[in-house]
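Think of it as A, B, C and D in the order they're written, each chain with its own count starting at 1.
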Amino acid sequence: MFFASDNWAGAHPSINERLSRESTRFAAAYGNSDLDKAVEARFNEIFERDVSVYFVSTGTAANSLSLASIARVGGVAFSHSEAHVIEDECGAPDFFSGMRMVPVEGEDGKMEPAKLSARIAGFPQDSLHHGRAAAVTLTQATETGTIYTLDEIDAITRIAKANGLPVHMDGARFANALVSLDVSPAEMTWKRGIDILSFGGTKNGCWCAEAIVFFNPELAKDFAFIRKRAAQLFSKTRFISAQFDAYLQDGLWLNMASHANSMADRLRAGIGSLNSTRLAWHTTSNEVFAVLNKASAEAAEAKGAKFYGWPVPTNMPEPVREDETLIRLVTSFATTEEDIDQFLSICSAG
Amino acid sequence: MFFASDNWAGAHPSINERLSRESTRFAAAYGNSDLDKAVEARFNEIFERDVSVYFVSTGTAANSLSLASIARVGGVAFSHSEAHVIEDECGAPDFFSGMRMVPVEGEDGKMEPAKLSARIAGFPQDSLHHGRAAAVTLTQATETGTIYTLDEIDAITRIAKANGLPVHMDGARFANALVSLDVSPAEMTWKRGIDILSFGGTKNGCWCAEAIVFFNPELAKDFAFIRKRAAQLFSKTRFISAQFDAYLQDGLWLNMASHANSMADRLRAGIGSLNSTRLAWHTTSNEVFAVLNKASAEAAEAKGAKFYGWPVPTNMPEPVREDETLIRLVTSFATTEEDIDQFLSICSAG
Amino acid sequence: MFFASDNWAGAHPSINERLSRESTRFAAAYGNSDLDKAVEARFNEIFERDVSVYFVSTGTAANSLSLASIARVGGVAFSHSEAHVIEDECGAPDFFSGMRMVPVEGEDGKMEPAKLSARIAGFPQDSLHHGRAAAVTLTQATETGTIYTLDEIDAITRIAKANGLPVHMDGARFANALVSLDVSPAEMTWKRGIDILSFGGTKNGCWCAEAIVFFNPELAKDFAFIRKRAAQLFSKTRFISAQFDAYLQDGLWLNMASHANSMADRLRAGIGSLNSTRLAWHTTSNEVFAVLNKASAEAAEAKGAKFYGWPVPTNMPEPVREDETLIRLVTSFATTEEDIDQFLSICSAG
Amino acid sequence: MFFASDNWAGAHPSINERLSRESTRFAAAYGNSDLDKAVEARFNEIFERDVSVYFVSTGTAANSLSLASIARVGGVAFSHSEAHVIEDECGAPDFFSGMRMVPVEGEDGKMEPAKLSARIAGFPQDSLHHGRAAAVTLTQATETGTIYTLDEIDAITRIAKANGLPVHMDGARFANALVSLDVSPAEMTWKRGIDILSFGGTKNGCWCAEAIVFFNPELAKDFAFIRKRAAQLFSKTRFISAQFDAYLQDGLWLNMASHANSMADRLRAGIGSLNSTRLAWHTTSNEVFAVLNKASAEAAEAKGAKFYGWPVPTNMPEPVREDETLIRLVTSFATTEEDIDQFLSICSAG
């Protein structure tokens, strides 16, 4: 019953197998092997256009260096107020990009377009003292388990473009969003106006596989140096390539995400049907936010369930009572029906 | 015949096996799993004292963040003029530490103590305009295949300590040096006055395993934040731990290094005995620098041998002739006798 | 009728005279002259204790380098949401300190203690992902013309100290606050728990005189290097010293601030008494925020009055109507009664 | 007898008078006053083309922000090995530009073209590990009192341009070089291929007046933000403008430099003619390097002469004996014939 995070899961057997196979041979270092080139080419196929792809070690690195690649002196980057870049990366985006992260409010973990516009308006291009708007970053799926629709992405990128700002997508849970929306990678990204993508594999069955995808190669022109100076160029890069090779093979990545999402569906259904539990808000990715009575939560933990509490937002439709607790449950490729049913069973007894 | 670099090798089967085994379970992220703790404890044993250990993604990260942990504003760090931190890391050490790298000359890739002293004297602690001495970093084994003896390390650290400077060791090829000197990890590090070590596993049979070892825990007090802000905290850290777990098990790491060194010995012996080749200078690690006549070099490359040319130093005992070329050959855990013999055979025909 | 800012004023004749006198002699550069030493000693007297004093070129430099001196990796600094460090310094505090500025709300331009506590609680010392609390900075007088009482400063510093955080005071208008409260420099700073002060002279009759005052010399131990690396060490430092020498002589600085404040009183009284104008909120420093009907504002501008519009806060007690405008009026040592009366006269006709 | 540095001198009476006059009026802050605009226009005249001019507080700031404006990630900047940017600025150029300063050797304090070429060749544009060439900076007049001829400047810029590198000139003693060469500002800068100039006034009779002049406005497009974020935008900028206004009026700047140079000539002539003293090497600016017997040096100091010792270069034509000392003597607009004659008289008795 491991629901603490999708990064508590291990790695998919196919990915391990591919790594093992790769381990037996020699090949060029620093991203210059045949495998590296082949996997880069696979990204072109996946995204139906020529893209520039760079691997890095962590999601924080992917986001931070993406922002660094489009940074401007005195610039600010806009994200949702609960975004990972603001809340969970220890200032790495500011450190690498030299920009300040400016929060934009919005329901359901999504920037509200009108509020984004208003925020951008506060940082005109000649705003020497206050700072100037320089970038927009949105998270898909969001930190609160929701997913921007294609139209909602369009609304964000339209505002950004009208203001001359590049748009980054933090796709730490990109695959979960993709299968939930049932659209193509191209449709969810560059066809919507996304310029740079943090393409995450680690949370979805790899052990360490994060890529930065530039849809506009011009933005990547200095990126090899940005990455190297950031100490993010692996010597044995091909072991990241190997992970992605298996990940992208025969739709494994989509299958794993589908599995995670459907396990979340099972959780959502169960939690919604019990008396002692309810969904805190509606989610459609592999994250579920639930209100449990404390007795249920403690019982589950006592029996080995792993999950984290979540700060109660101020705008909850139904308040969390004294004897209740708000928790986050995350599923992954490795989550089983048995785990979920056991968890629900404990809760139903609570 | 892969002699381009030890980072062209794959990963040892035992390390793969350990990774695969780890991949099937759930465990806490960000270095908080039982395995992470166990491997950290293993480092205490290996070094015969309580150490603080932090994993990072690359050797450049290990060096750069080590220096960042002891950085002082307006400070400079001293290294050999051919050190990786100066020559090969794209300014990452400067970027993360905010310090300038100051070169110190010396024969055989090693800082000459008298020259280190003189350099340090040029940067007194109140030297506001010129900058102040802040750190010393030495590479073991060196970039040119040589190895500091214990006495030579002592000579460096004694000068550093006399000037109040912490000492970092870049141990990208730590194991190769260790088995060559046939001493214990403690003897080659903190017993010699080393404060911080970049402990490299990637070049020696792991696929991505670099650790920073603090012998003085006080120096590490802010390091968790330094690493996180540098985007170097893996979510699935335990997969690095797993590599180190196998690496440190039953002396695998030392065995691999011994194998690499003995393969280099075989190369050294062969190259020294041929008419068409000679050793450029004496080395004792897994790196061999050889002068080949160009015909031999081209013949070897034509038959698939991989190696890099090396810039000819100004102080070569015997000059490199027009029809000769200087190359570097690096062996690893994966190098075979057959490869070496085949290479030598081609050269002998040259 | 120059009310745009106190930095539109020139320099006081006594300060000019002192500069001219200093210009005729030779003296040691980089802060090592007799005059530099004498002025530093004057600061000890002014603050009734031994302090460390460093001159810099701008208020932004004073704030940014103050924060840099107490910066921690992954740290955040708390200020009021409308503070200069957040709103008006183009990210310089973030750039020099490496920290993010976190806004704290509060009425009247002052941090509300309970909200400061709550904010700090969100950044515990082991908060690796979100960041850790590292510093508090408050502005005296505030950006909105108000002044923290001694008790209010105490309330802020008490919370900071309870959390182990150093406290910086942005005193760009330090003298205006001091004379308004009618207290001593010591009482408004270190006796209240302030650790570092940006002591501004430029807005109060100097042309370029900003000092950073460390009440705790330990915090200043690296500061000479921080300043030099920030390119803020003047060669002819003594010309800043000369300005401060005159500034601090015979209470000139307090007299200038008193004059500015009393000119603001005259403005406040006049604006409060007219039909076409009203005070937007109560202020006690040399800044006045007024709501004018637009006709009056335009008439004044047409006759040469200089002032800036001010964004209307969401929580105005009395809303600003369509035909009204909110403006800021700032007085200085150089403001005359005639200017104020002329301005009021134009408004009264509006 | 103040020969320690030209920054020990005060300020010229005309500059003081202009400052005093400016101090009596109100005017727009942050470089937006009529005077600021007028002085900017003056720079266009002085340089016979449209230039972009930005004032900063120190020579270190001028150099550091100039380099920041042309910085590239992973880039290195080439300067003479004794240049101020390497030797005397506490790493500020590295800090602001993010680049490493790479020394180029050369006689007489000037980069030797062949050595510059060789150095640049070591940092090709795709040199990911070692770093890439990004900028060249030369000092005019040099740190050792010499002056690049126009042809010598051409030789440097030609190499830079051939490698696609912008060229910065550190003109802390720009006027001294100009009058020595007897050429126009345009001839010594952009007509020679200089892109950016640190135009120093402080050492030549101002008290704080440093400008960055961009001959290629495209390079300045982000500079307002670079300067503001570096905390170098003065609120009362017009007091720098006022200094430059007087400085550039009726050739005052050239007259002051001529005076300083001719005082140096007088020193050179005197020192060359005495038995107890000799010129260490030939200089043509306002800096004189002399070898004195120690008795003379001590006698001069005892009678109040101020000067600094200078490290003895390894390549002195005539070695400095045990009983001799190498010193630097700097003249300025304020140096008098009497001071020089008194100094020489003391030496001649030595």
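Assume contacts are C-beta pairs under 8 Å (C-beta built on N, C-alpha and C of every residue); 3 or more make two chains touch, one makes a residue touch a chain.
This one's a predicted model, so the numbers in the text were calculated from it and none came from an experiment.
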{"item": "Chains in simultaneous contact with chain A and chain D", "value": "B, C"}
{"item": "Farthest chain relative to chain A (centres taken as mean CA coordinates)", "value": "D"}
{"item": "Distance from the mean Cα position of chain D to that of chain C, given in whole angstrom", "value": "35"}
{"item": "Chain B and chain D, separation of their C-alpha mean positions in angstrom", "value": "42"}
{"item": "Of all residues in chain A, the ones touching two or more other chains", "value": "30, 74, 89-91, 95, 128-129, 225, 228-229, 233"}
{"item": "Arrangement of touching chains [line / ring / star / complete / other]", "value": "complete"}
{"item": "Parts of chain C lying in touch with chain D, wherever the complex brings them together", "value": "2, 4-5, 7-13, 15-16, 19-20, 22-30, 56-61, 64-65, 89-92, 95-96, 202-203, 207-208, 225, 228-236, 239, 306, 334"}
{"item": "Complex interface listing, chain D residues touching chain A", "value": "30, 72-75, 128-129, 132, 222, 224-226, 228-229, 233"}
{"item": "Chain A residues within the chain C interface of the complex", "value": "74, 76, 87-91, 94-95, 98-101, 128-131"}
